[in-house]
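Below are two complexes that have chain A in common, paired first with chain B and then with chain C.
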Partner chain A sequence: MNKVYHTLKTIFLLGWSIFVVFPFLWALTTSFKDANAITSGATYIPWVDFEPSSQGWTSLFTTGSQGINIIGPFIDSAVVTLIASLVSLILGTLAAYGLSRFEYRLGFVKNSDITFFFISQRIMPPIVLAIPFFLMLKELGALDTIFGLVLVYIALLLPIAVWVMTDFFSGIPKELDEMAMTDGCSPIGAFFRVILPNSVPGLVVAGMFCLIFGWNDFFFAFTLTFTETQLLPVSIVSLNSSVTPWWSLSAFALISVAPLACVAVIVERYMSRGTMSGAIR
Partner chain B sequence: MLQIDHLTTADAKVTLDDVSFVFEAGKIYTILGRTGAGKTELLRALMGLNPLTVGTVKLDEEDITERPIRARNMSLVYQQFINYPHLSVLDNVAFPLRRQGKDKAEAHALAGQMLTTVGLGEFLQRRPAQLSGGQQQRVALARAMVKQSRILMLDEPLANLDYKLREQLREEFPRLVADNVESVILYTTTEPREAMELGNTMIVMHDGRVIASGAPADLFAHPPTKDTASVISDPPISFISGFVRDNCLYFSEGHLAPSEGLLLPADGPVTIALRPDAIEPDGAFNAQIGLSEFSGSQTIIHLDFDFGRAIMMVDGIEAFTAGNDISVSIRSEHIMLFAPDGGNITLRNNQNG
Partner chain C sequence: MLSSKHFFLLPALLTLVAIILFPLLFTVRVSFSSWDVFQSGLDFIGGSNYVRVFEDQRFWQSLQRLSLLSIISVSLQYTLGFALALAVWKQVRGGRLMRVLFLIPMMTTPVVMSVIWRTVFHESLGPVNDILSAFGVGPVPWLSSATGAFISVLIVEVWQWTPFMFLLLLAGLVSLPKEPYLAAAIDGAGTWRTFWQVTFPLMAPITIGALIIRLIEASKIMDTVYVLTSGGPGTATETSSYYIYIRGLRDFQIGYSAALSLVYLVIMIISLTIIAKLLLRMLVGKDE
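Entry: the complex of A and B
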C-alpha cells in the first residue's frame, strides 16, 4: 500500500513538475527561433527541428526599429522594486510587531480592525486606486518618476508585509519578549535582539511577496508613467507591434523572470518555519 | 529583603487579591497552590509583567513598583523551557551578562562556569533545540542564576519534565541555588511534596490570595484552614460533614466518629477531615471500594461510606477490587476538625491544634 502511494505520489509530482517547467522550456526554445521557425509548426529541439537564431536576444539590447534596449527599464524596475520592498518590509515589520504585541484601542477600532485596514488596501481593485494615485502624484510633481512609483509601490506592498509579519509574530510566544526584558533588554531591544533574529523565515516570505508583487506589477507602472520612466512589464508590451515578435517576447519574459527565480532559489532554505523550535516547549 | 504590600491585579486570567508578604534574602520560599491560584500571577506582578491596580513592591526598602522590568534585578524561569532559539547554549546564558555591560570574554567565562555547574559543560555550542527537555530547562535555570539577581523566581520549573527528570532536578535544586545566598528564591509549584521538600518557608495560595504561610512541616501538621489543608494534602484529604453533640463526634448520618485524644468543641456542626493515613483496613466502619490506584509503592483506595467519600492509603501494592465491600478503622490522631467558616478547630489533649 505504501509502495503504491509512493509511486502515485512520484508520478503526480513528476507530472506537475513537467507542467510547471514546460512553459519555461517552450519560452527558451522560442527565444532562439526566427520568424520562419515560429510559423513552421511545433518544433522544440534546436539544430534538429530548427536552426537557432540569437535575434530574439540581441534585439533586447538594440535601440531603434530593430528592437528595444531593456537595460534602462530593467534597472528602473530593480530600483523601484527593491526600494519599495525594503521600505515596506521595514515599516510593515515594525507595524506588525506593534499589532501583535500591544493592544491599541481608539473608540471602536481595535488591533484586528487596524490589521484589516491594511489588508483592505489589497482588496480594492487597482482601477479604484489608479485615479487618486494619479492625481496625488501629479500634485507632488512625481508623475513619470521613480520616486512617484516607489511611493505608490510602498502603499501597495506595505499591506502584504504587515499581513505576513503579523501572522508570523503571532506565532512567536510573547514569553520570549518577556524573557528578553527580564534579561535586561528594553522592549525595543527585545525586538531587535531576540524577536527579529528569530523572524528570518517570516521576513523572507514577506520580502519575497513584496518583490514578486512589485516586480510583476503592470497596471500602475503603465498608468503612472509616460516616457521618462519605464518599468520592465510595460517595456515588454511595447515590443508588440503589427507582427508579434515571439522570439523577443520569449527572451524578454525569461529575463524578467530570472531575478525572482534566482532570489527564490537563494532564500528557499530560510523559508522553513523550523527556527522557532527550542524557543518554548 | 523583598516586601510586597496589598498587591492587587485586575487585567489577568487570575487576579491577585490584596497579597502582602515579606521575603528574606537567602531563603527559599515555595509558593504552593492549585492551577489558577495566582502563583504565576504573583511572580509576573513582582516582575512588572502584569500591571498592579493597587500595591507596592519594595526591594531593600526601595520602592520598585514603577521600575522597568529590565531594571528590577530579578530573574524568572518559566514553566515552559524558554530559551533563545537563535543563540547557542553558551550565548543564551551569556545574554543577560552582556546586557549588564560585561564584555564578551567575561560573559562567556561566567556563562561557561554556570553551565558546568548545571551539568551542561559539554553542550556549550549546541542550540537549545538540540537538547532534551531537562537540559533545556537547565539552560533556562543557568541563564536566570548567572545574573546573580536579588530575586530568583521559578515558575513551576519542573512541571513539564517527565517523572525521572523531575526527581533528579528536584534533588539537585538545593545544590544549584546554594550560591545565591544574597537572593530571595521564589519557587511555585502545584505539588505539595515538592513545596515541602524544597522550601524553607511555604506559602499557600488560593483564589489569588495567600491563605497560609510558615514552615512546611508545621503547615502540614496544623493547616490553619480547610482550604490550606486541601491544597497541601497529596493524596487528597477527605472532608466529611459531621457534628458534635454531648461531647461526642458524629459523622453526618449519625455514625459515631472516633475522637479519643481530641478536645471537642461545643455542640454544633463541624467538618471532619480525614488524611489518607487516618484510615486503615480492618475495623468497625464498612465502606464500598470505589476506585483503587497505585502511587509509587503505595495503594490509594477511594471508599464510599454511608456518611460520605474518603480516601485510604496503604503501603505496598495491594489489589482492591472496585465494588467490593471493605471494613476499615479510622484513627482519631489523624483526624482534624474544621469550623463551618473553614478555620481549624482541632484541639488535642495537652496540645493546641
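Entry: the complex of A and C
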C-alpha cells in the first residue's frame, strides 16, 4: 500500500514538473529555430531535429527596420514597476502600521472599515477604471507617459502592500513599541528605529507581490500608453499581432519573464522558514 | 488636529481616494449619458443604458461563461495546488528544487506566456498536436473550435495560477501545530483518515481565504483571453471584462460600457459575498 502511494506521488510530481517546464523548453528551442525549422512542423532537439540559428536573439538587439527593440520596453517596464512598487510599499507600510497601532474614527468609520476599503480595491475589475483613467490622464497631460502609468499602478499595488503589512504588524507584539517609547522615542521615532528594522520579512513579501502585479500588468499599460512609453507586455502583444516570426517572439518572451522567475527562489526561502504564513493570511 | 497617528495613515488613504474615487464617481455619471463616437460629452439620458444592459443577451452569456470558467479553473487550481503542497510538505528528494519550480508560473506575465501558449496549441505546427498524433489522436482544433478554445484557456489558467494555491496552502501546512498529528497517530489513524479528520479541518480557514482570493482574481480574467483567443471563435471564450472592453474601447460606446461595467461590478460583489458566506458555513460548520 505504502509503495503504491509512493509511486503515485512520484509520478504526480514528475508529471506536474514536466507540465510546468514544457512551455519554457518549447520557447527556448523555438527561439533558436529559423523559418525552415518552424514550417516543417514541431521539432524539439537542436542539431538532431534542426540546425540552430541565433537570429531570434540577435534580432532583439539590432536597431532599424529589421530589428525588434527590446531594450527600450525593458527599461520602461523596470522604471514603472520599481517606482510604483517603492511608493506603494512606503505608503502602504505607514498606513498598515497606523491601522494596527492607533484608533481612527470618522463618524461611523472605524479601523476595520478603512482596512476593508484598502483591500476591497482588489475586487475592482480593471475595465471599470480604464475609461475614467484614460480621461483623467488626458486631462493631466499624462497619457502615454511613465508618470501617468506610475500613478495608476500605485492605485493597483497600494492595496496589496496594505493587506500584507497589516497582517504582518498584527503579529509584532505592541510591547516592542511601548518599550521604545518609554526609552524616550516619539511614536514616529519608535516606528523608524525599532519596528521597521524588525519588519524585513514582511517587507520582502509585500514588495515581491507589488513587483509581480506591477511587472505583469497588461491591461492598463495597453489602454494608457501608445508609442512614447512602451512596456514589455504591450510590445510583445503588438509583435504577436504583426508578422513577427516565432523565434523572435520566443526570445522576447523568455527575456521578459526571466527577471521575475528568479524571484521564485527568494519566495521559496521565506516560505520554508514559515515566515510567509503570517504575511499572506 | 493633526497628530502623529495621521502621519501614518493619511498619505496612503488620500492617495488611494484621489486615484480611485474620482474615476469611480465619474463612471457612475457617464453611465447616465449617451457618450459615444457620434456624441461625446456628458448629456443626461436617464437610465436607458441600464435598460439596455438588462436586454443585452451577449452580456449575460459572457457572465455565465465567466462563472463557469472561474469556478472550474479555481476548483482545479485548488485541488492540484493542495495535492502538490501535500506531496512536497514532508521531505522528498529534490523537494527544494521542486518547490521553486512549482512557483515559477505565477511569476510570469500572463500575456507573455499566452503568446507562447498560442504557439504550443497551434493546430499544424504546435507540439501538442504533434505529440497527440504519435498516439493516433488528432489533430485537435485547440483554438479554432468552441470547446477546444475553452479548454485551452482553462489549461493556461490552471498552469498560471495553481502555483498561487500551492504557495498559500503549503505556507498553511508548514505552520500547522504538531499535537493533533501525535494524537491521531496514537489513535492509529491511517494517512487517509488523518487527512480528512486532522489536516483538512485545520486548513479550513486558509482554504476559504485562498478560494476567495483566487475567485476575485479569476472574475477579472481578460489578458489571457485577449491574446489566446480574442474571445473567439465567435464569442465562445468572451468573458464579461472582454465584452465590456469591446463595447467601450473598440466601439467607443463610453456611456453604455460604463453602465455595463457598474452592473458587472455590483454582480461580482454580491456573488462573491454569497460564495464567501456559503464556504464559511460549509467548511467551518457555523455562520461567521
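Everything below uses one rule, namely that the second predicted complex is superposed on the first by the 232 of 281 C-alpha atoms of A that agree within 3 Å, B and C clash if a C-alpha of one lies under 4 Å from a C-alpha of the other, contacts with A are read in each partner's own complex, and residues count from 1 in each chain.
The working rule: a contact is a pair of C-beta atoms (placed from the backbone, for glycine too) under 8 Å apart; a residue touches a chain by one contact, two chains touch by 3 or more.
Keep in mind that what you see is a predicted model, and the values were worked out from it rather than measured.
J.: Contact-wise, after the overlay, does A:Phe102 reach chain B, chain C, both or neither (first, second, both, neither)?
T.: It touches chain C, and chain B stays clear.
J.: Regarding the shared-chain residue A:Ala206, is it in contact with chain B (first), chain C (second), both, or neither?
T.: In the superposition, A:Ala206 contacts neither chain B nor chain C.
J.: Is A:Pro126 touching the first partner chain B, the second partner chain C, both, or neither of them?
T.: second
J.: With the two structures laid over each other on chain A, which partner does A:Thr182 touch: chain B (first), chain C (second), both, or neither?
T.: First partner only, chain B.
J.: Scan A:Asn240 for contacts with chain B and chain C and give back first, second, both or neither.
T.: After superposition on chain A, A:Asn240 lies in contact with chain C alone.
J.: Which partner, chain B or chain C, is in contact with more residues of chain A?
T.: Touching more residues of chain A than the other partner does is C.
J.: Between chain B (first) and chain C (second), which, if any, makes contact with A:Asn198: first, second, both or neither?
T.: Touch status of A:Asn198: first partner only.
J.: What residues on chain A does chain C touch that chain B touches too?
T.: Overlap of chain B and chain C footprints on chain A: residues 186, 276-278, 280-281.
J.: Can you check the complex and tell me which residues of chain C touch chain A?
T.: 4-9, 11-13, 15-16, 19-20, 22-24, 26-27, 30, 80, 83-84, 87-88, 92, 96, 98-113, 115-120, 124-127, 129-131, 159, 167-168, 170-172, 174-175, 191, 205-206, 209, 216-217, 219-220, 222-223, 226-227, 240-241, 244-245, 248-249, 254, 257-258, 261-262, 264-265, 268-269, 272
J.: Which residues of chain A touch chain B in the complex?
T.: Within the complex, chain A touches chain B at residues 173, 175-176, 178-186, 189, 194, 197-198, 275-281.
J.: Using the touch definition up top, name the residues of chain B that touch chain A in the complex.
T.: Residues in contact with chain A: 47, 49, 68-70, 72, 74-76, 78, 80-86, 95-96, 99-100, 127-131, 133, 136, 143, 147, 160.
J.: Quick one: which bits of chain A touch chain C in the complex? Just the residue numbers, please.
T.: Touching chain C from chain A are residues 5, 9, 12-13, 16-17, 19-23, 26-27, 30, 38-39, 41-42, 44, 91-92, 94-95, 97-99, 101-102, 104, 114, 117-118, 121-133, 135-136, 151-152, 154-155, 158-159, 162, 186-188, 191, 212, 215-216, 218-219, 223, 232-233, 236-237, 240, 246, 249-250, 253, 256-257, 260-261, 263-265, 267-268, 271-272, 274, 276-278, 280-281.
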